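Same chain, two partners: chain A is paired with chain B first, then with chain C.
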Partner chain A sequence: MVQSILDAISLGGLYSLAALGLGLVFGVMRLVNFAHAELITIAAYTLVLTAQFPLALSLIFTVLVTVFVALLMEFSVYRRLRGVNPAVMLIASFGLSIVLQRVYELMFGALPRSAAVAPFLRGDFKVAGLSITISSVITIVLTITILLAMGYLVEKTSLGLQLRAASADFKTARLLGVRSNRLISAAFGLSGVLAACVALILVIQNPQISPYYGLNITILSLVGIVIGGIASLRGAALGGFIVGVVLSSLNTLLGNGRVYAYSWLFILVLVILLVRPGGLLSKGSELERV
Partner chain B sequence: MALLEVTNLVAGYGKVEVISDVSFTLEPGKSIGIVGPNGVGKSTLLQAIAGGIAPKGGSIIFDGKNIAGKKPEDIVRLGLSLVPEGRQIFSGLSVKENLALGLTGRRNKKGANEAILKMRELFPVLSTHENHQAGMLSGGQQQQLAIARALISEPKVLLLDEPSLGLAPTVITDVFERLQEIIGMGTAVVIVEQRANLVTSFAEKTIVIRDGKVQATLTPADAANSESLQRSYFGAGE
Partner chain C sequence: MKHSGVTKFSIQNLLGPIIILILLTHFVGGASTSLQLITQSALCLFVMVLALQVFVGNSGVLSFGHGAFALIGSYVSAMLTAPVNIKDNALAMNQLWEPLISPQVNIYVALVISAAVSALVAAITGVFLMRLNGLAAGIATFALLGVAYNVFFNNKKIGPGSQALPGVPLIENNWILLLLAVISIIIVYFINISKIGRTLRATREDAMAAPALGISIFKVRLIAFILSGAIAGLAGGMYSHVAGTFQVQDYYLEFTFITLSMLIVGGSASIWGALVGTFTITAIGQVLLMMEQDLPVFGIQVQIPLGSRAVIIALTFVVVLLWRSGGITNGKEFRIPKLKRKS
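So, the complex of A and B:
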């Protein structure tokens, strides 16, 4: 029971990190970056391929590689499309996603690559007679730390203020002096850092990396963003968390019926969207903007 | 030498040309009004000068440099600030945060605190509400915030797009008194207005735009003469 609750919280936290990465980019560009999945994938590959290095070194390398790919995406594709219809950007992000999957397949092969990343984090320990997995505790601690750091960055720093302003009204923010290229690059860079964090947590639990590794979590955190409210980072984080918690709980509660977990999840999503079409944290006005 | 010199400016959206030939000059510390019927391109003109849209032709010389087609974030750093139509304050952010955003456009990062203090002196109401959400302010207070936010970058030229929009008459008087103070401090001001009387009597000169071109230049003396005002506004004999 305790383990199930911890699992639910840790999966929720993981999805909220993925949703934050998507939400940051959406905020400044009105782009649902579907290729965020490939950022998670490349981070996971890097972790596995550098598993023989000391963990700290491997982590630094992973963050650098992921941020580099994120900035490259922005510079080579999205920057050229800035200001076009959001539907065009969305389709471009699908295209980019598929291209990167093929590139990964060419580079790393279609079969899963695997290595023990931070093996000491597997296994479990006992508290008051209850057995608890180390990875779920680590996930929760990591997630809380990253969420607090993100909260500080967004609420207390000048970069955060610019991100919030640009999410609300990019045109006016630029008139005040917010440098568009720099801010969008910063948002992509941060989404890369978040993708690397997500990959680290995922890889501890499942180190079998295929070219589609990041896809599932990205789709589900997109669902989270929609129910949380696409216009705010808080909404994105909350929505991601809810999806993770619900999915994990369904898997526990449904037992053999867990194949239907997704169906139940999407029924819940439908109900939430019927009651609050703009997402849980939306105010009426955000609906027309999206 | 003129601080701002707009020559044969052409601007619009997509293939539509809204402004086809507009020229005017502005000296340091002076004021100019821009009036004209609805939809004539007054806001387009300001957006083109501030970099919100790229001009299709002509030149905009500001402080000796051609700024036509530059990015808005670069133009504000050169010392030209726009208070957009409808104020466009960030309603979800606090008054303090709105002002802090104005600091991004400063050329000189020193003196930021002094600039904020100066704005609080000029607009005391902003101090009282500094931790409130900007969206909670009244229309007049929001306009003051928008002007203060634009002034914090210490521009040489302040462009205002319909500062009287949606404000009560007493509040309008108040806003224009502040503008007078701002001009007194040495900032040149360009005001776009629907209320021709108001701006013609306020600014040293006022240009009338119609059909994408400058049709007349008025002085405060013309404000009293409603007939000449109407004639230049709607065209002779119409």
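So, the complex of A and C:
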């Protein structure tokens, strides 16, 4: 029971990190970056392929590689698509996502790559007679740390202020002196860092990396940012958290019917959207063409 | 994408794509057995892209849910036409629900039923989905695809589950598939120039002004969703008779992305765009496949490394969007090119 609750919270935290990465980019340029999945995947590959190095070194390297790929996406594709219809941008990000998947397949092979990353974080320990997995506790601690750091960055720093301003109204923010290109690059960079964090947690739990490794969590986090309210970063984090908690709880509660967990989750999402079309944290209705 | 879409009936807009389609089917589809198969599946995909055009192109709302309609259409048509002994075998293996085994109808009746069932599902789900706007609508339609896939993949009482249902009778004649595609073009063309099509494009261009003119966004979107759901169901049904099997995995993410990208690459605002997109992407894919297998293309032998085909297709797709975000046709309908061009 305790383990189930911890699992639910840790999955929720993980999804909220992924959703935050998507939400950051969406906020500044109204782009649903489907290729975020490939950022998570490349980070996971890097972690596994550098597993023989000390963990700290491997982590730094992973963050560098992921941020590099994120910036590459922005410079090579998204910068040229600035201002086009958001639906076209979304489709372009699908295209980019497929390109990267195939490139990974060519580079690393279609079969899963695996290595023990931070093996001391697996297994379980006992508290008051209850056995609890280390990874769920580590996930929760990591997530809270990263969320607090992000909270600090977004609420207290100048970059965070600019990000929030740009999310609220990009045009006005530009008029007030926010440098759009620099800000968008920063948002992509940060989403890369978040993708690396998500990959670290995922790899500890499941070190079998295939070219489609990041796809599932990205789709579900996308659903999360929509139910949380796409307009705000808080909404994104909250929505991701809800999706994670609900999915984990469904898996526990449904027993043999757990194969239908996704169906129940999606139905719940539809219900939430019907009650609050703009997401849980939206203020009033806003028309947006996507 | 802006300010495009036809309003007045023009014979060349309608006949252009039909004639091109007939020529393609005749010359490409008749060239060899492998090209015939590709043409047949391209015709099915084209009908699917047309279905997307009606809804996505006119309303500007992305739909990932049409994969679910194609899935349902394919399922209905396959289950109604597959021989009883094959379904009986499936029962022994997978606990198929008994009343589903005996029904047996003619292929064309099955296709009509599959379009009708998809339309019904679109009507029921559309009542909920079409209340949403913007990105929420796109993701909500994704939920529809997710539920359909999840249920059909896991439930062995209603269908073959994760396995393929073999023995679905084939439509071997290109011309029958062509006829179905042409009928779809005509239907879609008349939807596009009708009041529904025009009001739908008005809501796409300005979601604030359209209601002020007395247009109910919900109503027009719902009608278009139902109509395009029916056509997507037909496309799915056709595909099951070209492939000879029904398999749930055929109608999930990859199918959704490929068909949406065909629409967007061609230009989502027109039938001509749907045709150009479908056949451009199919042709590029085919040429690259031949290069990968080291076969000569138009007498020229170029070899590309194995596995690079998919990268090149996806890259082409991204490059087209970078080059022209309105798609290759920029959303224009077919016109006979004039020698003198204005600006």
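We adopt the following convention: the second predicted complex is superposed on the first by the 284 of 290 C-alpha atoms of A that agree within 3 Å, B and C clash if a C-alpha of one lies under 4 Å from a C-alpha of the other, contacts with A are read in each partner's own complex, and residues count from 1 in each chain.
Just so we're on the same page, a residue touches a chain if its C-beta (ideal position, glycine included) is under 8 Å from a C-beta of that chain, and two chains touch if they have at least 3 such contacts.
Here the structure is a predicted model, which means the values were calculated and not measured.
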{"item": "Which superposed partner A:L106 touches (first chain B, second chain C, both, neither)", "value": "second"}
{"item": "Chain B versus chain C as contact partner of A:I230, first or second or both or neither", "value": "second"}
{"item": "Which superposed partner A:A173 touches (first chain B, second chain C, both, neither)", "value": "first"}
{"item": "Partner chain(s) touched by A:L147 [first = chain B, second = chain C, both, neither]", "value": "neither"}
{"item": "Chain C versus chain B, contacts on chain A by residue", "value": "C"}
{"item": "Which of chain B and chain C A:A165 touches, first, second, both or neither", "value": "first"}
{"item": "First, second, both or neither for A:A87, with chain B first and chain C second", "value": "second"}
{"item": "Which of chain B and chain C A:L71 touches, first, second, both or neither", "value": "neither"}
{"item": "Footprint overlap on chain A, comparing chain B with chain C", "value": "none"}
{"item": "Chain C residues within the chain A interface of the complex", "value": "1, 56, 60-62, 128-129, 131-140, 142-144, 146-147, 150-151, 154, 204, 207-208, 257, 260-261, 264, 305, 307-308, 310-311, 314-315, 317-318, 321-322, 325"}
{"item": "Contact footprint of chain C on chain A as seen in their complex", "value": "32, 77, 80-81, 84-88, 90-92, 94-96, 98-99, 102-103, 105-106, 219, 222-223, 226, 230, 259-260, 262-263, 266-267, 269-270, 273-274, 277-279, 285-290"}
{"item": "Residue numbers on chain A that touch chain B, as the complex places them", "value": "158, 161-162, 164-165, 168-169, 171-180"}
{"item": "For the chain B and chain A complex, residues of the former touching the latter", "value": "50-52, 71-73, 76-77, 81-82, 84, 88, 90-93, 97, 100-102, 104-106, 149-150, 153"}
